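Dumping the structure here so I can ask a few things about it.
Note that the chains take the letters A, B and C in the order they are written out, and that residue 1 is the start of every chain.
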Amino acid sequence: MDAFLLQILNGLDKGSAYALIALGLTLIFGTLGVVNFAHGALFMIGAFCAVTLQKIFSLSFETVDPDKTDFLGNPLKVKTPYVESWFGPDLGGAIIDWSVPLAILFAIPIMIAVGFIMERGLIKHFYKRPHADQILVTFGLAIVLQEVIKYFYGANPIPTPAPDALNGVANLGAVIGMDIIYPVWRIVYFCFACLIIGAVFAFLQFTTFGMVVRAGMADRETVGLLGINIDRRFTIMFGIAAAVAGLAGVMYTPINSPNYHMGMDFLVLSFVVVVVGGMGSLPGAVLAGFVLGVLESFASMEWAISLIPGINQIIIYLVAIVILLVRPRGLMGRKGVMED
Amino acid sequence: MFGLDKRDTTLLLIVAGLTIFAPFILNPFPTDSGLAQFNAGYPDLMQRFVIFGIFAIGFNILFGLTGYLSFGHAAFLGVGSYSAVWMFKLLSMNVLPAIILSVIIAGLFALVIGYVSLRRSGIYFSILTLAFAQMSFSLAYSVLTPITNGETGLQLTLDDPRVLGQTATADGSIPVTNLFGLEMRGTYEMAMGPWAFQFNMGYYLCALVLIAAFYLSIRIFRSPFGMMLRAVKSNQQRMNYTGLNSKPYTLAAFVISGMYAGLAGGLMASMDPLAGAERMQWTASGEVVLMTILGGAGTLIGPVLGAGFIKYFENIFSKINSNVLHSWFSFLPDGLEDFIVFIIYPFIGKGWHLTLGILFMLVVIYLPGGLVEGGQRIGGWFKGRKKSDARQSETNPAE
Amino acid sequence: MGILEVKNVGKRFGGLQALSDVNLSVKENSVHAIIGPNGAGKSTLLNCLVGKLIPDTGSVMFDGQSVLGRAPYEINQMGISRVFQTPEIFGDLTVLENMMIPCLAKRDGAFELNAIASVLSQKDIMDKAEHMLEEMNMADKRHMHAASLSRGDKRRLEIGMCLSQEPRLLLLDEPTAGMARADTNNTIDLLKQISEERNITIAIIEHDMHVVFSLANRITVLAQGTPLVEDDPENIRGNPKVREAYLGETA
């Protein structure tokens, strides 16, 4: 039972990342009708926002500390981060320590700007072109973005730790009298994902803006006929989708050190998630993200691997293939959306 | 000639000429000159040109004719490579049975994947093929280790049976791949003044296969079958209401292009008898997509051009480093030189993929017909200029 | 017994009964028009005949064989060709190639892996396609891309493609919708000529009364998913029920 619950938990953090990326993909596909192969790159850019902020905070100047000497008796040079000298060692240290959560604030404007530029500068011109062209051009963009990041940050993963306070493990099972030791940050990540997902849904559900977007997702032409400037709203939607992917990336950095190809790695799986959830269905994308994350986690268990070796590697693809063939519109897809 | 019309025959002869004389054409600079770094007439590079050319020709039969965008074609190339290496391990080092087997196995594999994937079209098809290819990659990487040797990749060893050949040579090393005794790695070097040209057995085998593959693709393009495939791309609704079942047509195209990929994989293993899972990764599938689009999807010569273009510049770009750049721009004033080198540097060396990505985006945006369309436009532009010149010279005397 | 027998066909979409209890009999070599106001179920009925939709109840027999449950291409191979409301042709192919495809479908069936022989070597197909283009007065346009044809020419091409399959029943879905008067008259003449010269039964769905009364020798009036009356054109013209349902009270 403990192991069972632990596997569910283990699946949730990856599932959260899948769900957030798939949510953005679906928003873009549902509103703009564009298949965005560069969405994984947005996730990666978000992660590198966290890396950048951490680097900025750690910018240091060197001073010679007269009290300390190295083993040869020379005075020792000490690096002091600017933030520590400005805000004092305590607050400054805390800022560096909390750079990943702080990067959320840093990433939101950047991601929205990236999203706007992408949509206005490139995607806009591809609304009327075939899906194959959209796939191709966003695929090219994804390569470009990841190579730019690689140029500036190198090819190696960059460790970006969570704040010390959230870095340990917690015994979640204590409440129900079981032993479930689980890293705190992963719980944070899951809660964060739920928060974002909730916010997106609330935004779509309760604001006029969201209502128009939902109407546009259902029937773009009719909404356009009402004289509502749907295009501008869709640009904003693209920015929001980019921000969601970016934030997913920011918070994911302590779980896996970011590298330049993490976007592509997640993208393929996120596409599969979108297809399983149902093209164009937001709840479907979220549900499928979590379900597949948990399934993957179960498939990594000892008994599953001893039963079918390597099942953990292929389970998501297997499920996707079966779903596409048996129920082409996915778990929660609407009838008629890209069904053929 | 060969059952082709005049234009196609010319095209075939051009491709044949280019591949046969490639060792000359690709080595235009004397060995000692500073420009020798732009030479590409080395056996392994030339082999890559033609092998990827074959791969792209096959991909084009599917994508160029039917419009079905597969993102999983590298899987067939990988399967072809594995089959060929197994043939070298079990049967003999003769490449012929190995290549035949890789084509057959890749074809069967394509039949299964195509049968399932083609039940959907559009982006669903792309994602299905992507999923299948990633699954094959994962399987080859881990589960199927007994067959694929996992991470290390499948290699020849000294205790392979090789029932029709020899397990090891007399001096105790692994025998080399050959075609009825002609060793694939055999290279004849010819020095002509300051030039050096290399004629490699393996390359010429690949070149002959490329010419045959290209010829076959022309025949397919010009056949009723090819016309039906273009009809699939143009209007499936009309096709179905004209009494035609589009499924078997697309499946046949998928299998044929899978067999081309298997052929490329088999040749790859014949040149260098090893096979690794990374050949099946989706980035490898993306590469053949890039080649085909860049050259010109749906055209005969496009994929060959695209493959050659990408492989050539990949090789050249990765050789250029900042020293080379500095030496090129040394005629400029210092500050300007540094600035220009600084600007160009991210795009060369390891930055080749960045250049490729940008180039690819530009092609998709502005030149959907690829290099072929670009060539036609330039040709048309020149013709137009000539015409207007001619008209001007006609009107001038009248004035 | 007609060549096409529709018996008690019903089709429901969610809460909407699109067709109920439709009976229809199309006699061989007649020109049978199906008319009715918007939303009468004309298109739904047509889609049931060609395999795009499967009716919930009833039967559709073509030449004594049921068409229900067969794919569109199978139904086409039985001898039913369809002309669409907006011309469906192969826009990326040339006019000649457009004409060759149905000829190939007629000769080789639903699938034939003819991947090596050149198209140009298929003399019988070439001749047939060329011949049909001449009959359609389109021979001079044979190397044009079909997408660049005028609307009227696209329609002619589509009809020609259907005819080159030598169908026994030609279904037309508002063939003159959105056409200029001159194009409409040309199309009427073409269809008249076809019905007189060829051994073909024509069923036509049409809005334009001018077209209907110049072509049809039998008319079925559909209203609210069910046939109101089936009769000869002269009687339809004077039928008060039809006037009420279709032409409105003022007419």
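Just so it is clear, a residue touches a chain if its C-beta (ideal position, glycine included) is under 8 Å from a C-beta of that chain, and two chains touch if they have at least 3 such contacts.
In this text the structure is predicted, and so the values were computed from the model without any measurement.
A summary of chain positions shows that the Cα centroid lying nearest the centre of all protein Cα atoms is that of chain B. Most remote chain with respect to chain C, judged by CA-atom centres, is A. Per-chain CA centroids place chain A at a distance of 53 Å from chain C. Averaged C-alpha coordinates give centres for chain A and chain B that are 35 Å from one another.
Between chain B and chain C the centroid-to-centroid distance comes to 46 Å (mean Cα coordinates, whole Å). On the side of chain B, the complex with chain C involves touching residues 3-5, 219-220, 222-228, 230-231, 233-235, 237-245, 248-249, 252, 256.
Residues 50, 71-73, 76-77, 81-82, 84, 88-93, 97, 100-102, 104-106, 108-122, 125, 161, 165 of chain C touch chain B in their complex. Partner chain A is touched in their complex by these residues of chain B: 67, 69, 116, 119-124, 126-128, 130-132, 134-135, 138-139, 141-144, 282-283, 286, 289, 293, 346, 350-351, 353-354, 356-358, 360-361, 364-365, 368.
Chain contact summary for the complex, chain A toward chain B: residues 35, 122, 125, 130-133, 135-137, 139-144, 147-148, 150-151, 264, 268, 271-272, 275, 279, 309-310, 313-314, 317-318, 320-321, 324-325, 328, 338, 340.
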